[in-house]
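Here come two complexes built around chain A, the first alongside chain B, the second alongside chain C.
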Partner chain A sequence: MSASIPSPEYIKIRHAHRQFMTPEGGIINALDNISLSIAQSEFITLLGPSGCGKTTLLKIIAGFEELDSGDILLDGQSIIQQPAHKRPVNTVFQSYALFPHMTVGDNVGYGLDIAKVNKVERNQRVAEALTMVGLSGIEQRLPSQLSGGQQQRVALARAIINRPKLLLLDEPLSALDKNLRLQMQLELKNLQTELGICFIFVTHDQEEALTMSDQIVVLNSGKIDQIGTPDEIYHTPKTEFVARFIGESNILSGMVISKSENGVNIDCNGCTIFSHDQTLKLGEEVKLLLRPEHLSLTPNELEGPQAQLTMTLNQTVFVGSDYQLHGELSNGLPFSALTRKTNTPLIKGQQLTLYYQVDALHTIPAKQKSIKGHI
Partner chain B sequence: MKKQTPLGRLLSIYSVFFFLFLYAPVILIVIYSFNSNPINIMIWDGFTFDWYRSIFGLATSLTDTSSYVDSTDQLLNALLNSLIVAASATLVATFLGTSTAVALARYRFKLHSFYRLLLFVPMVMPDIVLGIALLIFFVGAGFTLGNSTIIIGHCTFLTSYVFIVVSARLAGMNPLTEAASADLGANEWQTFRRVTLPLILPGVIGGALLSFIISMDDLVITYFISGVDSTTLPVFILGMIRRGIKPEINAIATLMLLFSVVIASAGIYFKSKNTSTH
Partner chain C sequence: MNPLNLSRKQLALITLLTPTSLFLLIFFIGPMLIMLTYSFLEPGLYGGVEWHFYHWNYGRVLGWADGIYEEFDPVYLKILLRSIGLSVATVLCTLFICYPVAFWVSTLSAKNKALCIFLMTLPFFASMVVRLYAWVLILRNSGFANQFLEATGLITEPLNLMFSGTAVIIGMVYIFIPFMFLPIYSSVEKLDKNLLQASEDLGATPFTTFRRVVFPLTLPGIVAGCILVFIPSLGNFVVPDLLGGAKVLMIGNMIEQQFLYARNWPFGATLSMVIIFMMMIILSIYLYKSTKKQAGL
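This part shows the complex of A and B:
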């Protein structure tokens, strides 16, 4: 470790810009002037739908793609002039990309063999790396003899053995089945804590991002929509895109029609909703976010003032621990709620009163620009 | 098993005839290579190894007048020439074909698809055209016709065969394995030697064996560009037949067939080896 205090700007991406030509001759900004700083030993996730630029950014950091303009600094040094094989960065690929003709031991030891590390140390470090990912003693097997989950772990061991300054993970869990994926999420997070190196994890799976990350960067069409902790991203999304992309959401459009000293009244197609948000101006257009799990069938004033909405029930879906209730508000807009098992009979067409904490209502100014942010 | 319909039975009979048509002449040659009748080679007269012995200049029960191979030395010399030509041309064509295939598969450059097209053309070009063109070129450029011109001539079309076999292998390879190698610190040469080459090796060997057989077997192009001292086996056999069909032909053909089958089987074995490399 070169520094005892983790640098808050260990990795700096400055005005990264990358364009692609479409086959029709149009231009797509895969990365639109992105700036970002990442602290040392942080688990950061690049989250976004396919085509948002997250994989392009990862490839550029790894050295498989080039920037049109901008710079990337790692530990104070620009790396964009270095070819991929000279960068102190390693990658876990989506399809693992193990060398099919080499044993597990040779796959994991590949980086050390290239670096000409002596045999004794090499074998010892291979064994250590395999132990770290929970696969000790399988050096002699071939990748084709392993399950998907085991191949994933071998790819991980191979990528960490060079002790990179930065580990890139390109949707490494997407090919695994759900239970294994959940287990690997926890293991990856533990491994990152243990190694203390920076992980940049790319995914389109918002649950995965929320589970593992210290910071999430939400990318949308080549721009950063929001940078924040999973909690911030989930509870206080800055744009409608983030609100819709992360978790289940009810989003209503409205306009501020009156202000009082407690807050504002917002009209949403005939429904009036009260918000504590004092920053909103009279006449301002606003999006309202209410997460389905914040709605309840029974009033509970203990944690603060509550408000209520009336929904006509269209459909009830049992999802194990909870019920999803789908219906529409009095103004005809679709709405949903997530509630515990309840004694109230739930009949289609029924009018339900839904209660929520006024503080749980999150407002997003309708015109919100993308940010260029720092973590 | 399901009962066959009349049409199905007809198709079975058809396929039997199809394969008979394909292989009967070859099978007859093999059988008649053991025929002891020296006058009419298609009339069975008893079993003998004499024709094989005669090829290799061994003592036979034949009288001197019935020995048809002019000189065993000439035959063996033609065989040796063929082997030298095939081995050299294969070596050069394998190197050229493999490196071209890697270049076209891994890099994008100007006139990329045009180069690809140029590599397919020698395979569809009529042999006689290529033969004449090469002859005019060699004579015009002042080459003395001999083994070296045959080797150069064979390389022109063998490179295409190697290119196609190796290209197919490269197309089936996960290109991310090369990215992974670079990511782990290997430069382009180390990546080629440790990852790309081992993964395409079955294709390279398959392409080389295919080239070897094609080179051994080539008559038309070789005929144009071989010199006086550089007769290959197919050209030599053509010369023999010109002076009348002789029983040794059957024995020589059988030996060549055996040789080709062995090489081709090896080629197919290497080509299919570890095809699932993902």
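This part shows the complex of A and C:
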């Protein structure tokens, strides 16, 4: 590993544009003028619903798809003219894509065989890579003799053995069961730290993105909605789409009806919400985000000023550590809250007073444009 | 309970398998045994057989008719070798035609795939003899092929396409293409296209990807196709009869002649047994190799 300072613009995607024809003859912008810079040795997640362009972007970086216009620079050099097999980029495929006719050892050593690495070094590096993913000593087995989780690890070992400048991961955990997925998330993050290479991870699973990433890029219909750390994305989403896509959320639309030194009052269809956001102007339309976990049944002024809301309880769902409370606000809009076990009896139809941290309330301008990103 | 104390499963198996087994025993194994017996009998002077053991039928195939009177003349061996040569050529031609086409078809939409498979099997609806007569019209001196070539000015004198090894190969390739295409197509269709991307991603050039991933994974289809084309090619007598004439005899024609015209059943049976033994050897090697592979070696 070189000792140079990680470049903040190790990978630069400039005005990437890609269109597809739909079977009906329409045109879809899979990537709509995307610009993005990624620092060396960062764990980046491209997050978005299916059809948002995240896999297209990954395939373009890998070299399996082409850009209509734009450029991609890796370490200062444009790679879009290079065929996939010449790019210093490796991919972990969603379906693993292990070669069924080769042993695990031959699968992992495939890249080294292609590069004509000598036998001794090759075998040693295969063993190392397999040890790194926790599967030492299974070189002689065939992929069909492995479990899904093991196949996943072999695919990972095969992709890192060439020491790529960039590792692309295309929803690699989606086929695993939940416990294994959680474990692999942590292992992937550790592996990335250990290797110090940049990982670009594609997923539609927001929890996965929050757990592993240094930075999350939220894509929506081929555009970048927000780039930020998991914390920023979760707590200060820039668009309603991001707020809805990440985590559980209550989103209310309203208008600023009064302003004082203390804060502003926002009317949401007859339900007044108090906010500290002083940038809001009188009469401005806003969206309000209140995460269910920021609501509680009991006042707790220690963490800051609180305000209250009334909700009619419709349903209580036990989710293990907490209760989800689903109900309606006085204006009839659906609302939910998350609470610990409580002594208050929770009866359907009951009027609950919910307290929320005013500082936890996040306001999103009602009209916003997609940003051109820069990490 | 039934008298033999069999389980329901055993009874079901016996009921279902008995008719087929009997059918095969009587109509498949039986004739084979008759042929094997005849191949070791001496042909009678006016057709028919002399009922005693006689091994010179096999000697005749190798070139010694009875070991005493006739000189060594490997005419049947030559015909056998020519048959093998023509069949191998047929296999190679069908393979080189079908392999790329199978890849192309596998990239089509489901509807077009079905259409292609249908077109591929369409010739089966017409008699093979009729279709081969169509080839006679194409290949003869005043046929379409020569007319076309003369019209384009490529040749001035008509080519003698008919009654040659080339004509036989063209005819057999035409007849046997579906037998090569279908097994290859099914293995190509099964090939996970992600594997090609994975190989490329790991630095392999398209040629290396073909050599190390595509070819090994479609090999079962190739081998199956080759066997399915080679076996009926070797025994074929209709194509050489119509397109090869008297000049390009194949072993199938020899067998036909021995049975129908020379009335030498023992020698006809011997020639048939030689082909059958050859096929069995080839198939045994294939089975041995493929079972070994399945065992994970």
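Here is the rule we use: the second predicted complex is superposed on the first by the 372 of 375 C-alpha atoms of A that agree within 3 Å, B and C clash if a C-alpha of one lies under 4 Å from a C-alpha of the other, contacts with A are read in each partner's own complex, and residues count from 1 in each chain.
To be clear about the criterion, a contact is a pair of C-beta atoms (placed from the backbone, for glycine too) under 8 Å apart; a residue touches a chain by one contact, two chains touch by 3 or more.
Since the structure is predicted, the reported quantities are computational estimates derived from the model, not experimental observations.
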Simultaneous placement of chain C and chain B on chain A, clash or fit: clash
First, second, both or neither for A:L142, with chain B first and chain C second: second
Contacts of A:N162 with chain B and chain C, given as first, second, both or neither: both
Chain B versus chain C as contact partner of A:H85, first or second or both or neither: both
Set of chain A residues, in rising order, touched by both chain B and chain C: 62-64, 83-86, 89-91, 93, 95, 97-101, 110-111, 114-115, 158-159, 162
Residues of chain B touching chain A in the complex: 174, 176-177, 179-187, 190, 194-195, 198-199, 274, 276-278
Interface residues, chain A side, partner chain B - complex: 62-64, 83-86, 89-91, 93, 95, 97-101, 110-111, 114-115, 144, 158-159, 162
Touching residues on chain A, where the partner in the complex is chain C: 62-64, 83-86, 89-91, 93, 95, 97-101, 110-111, 114-115, 142, 158-159, 162
Contacting residues of chain C [partner chain A, same complex]: 192, 194-195, 197-206, 208, 212-213, 216-217, 296
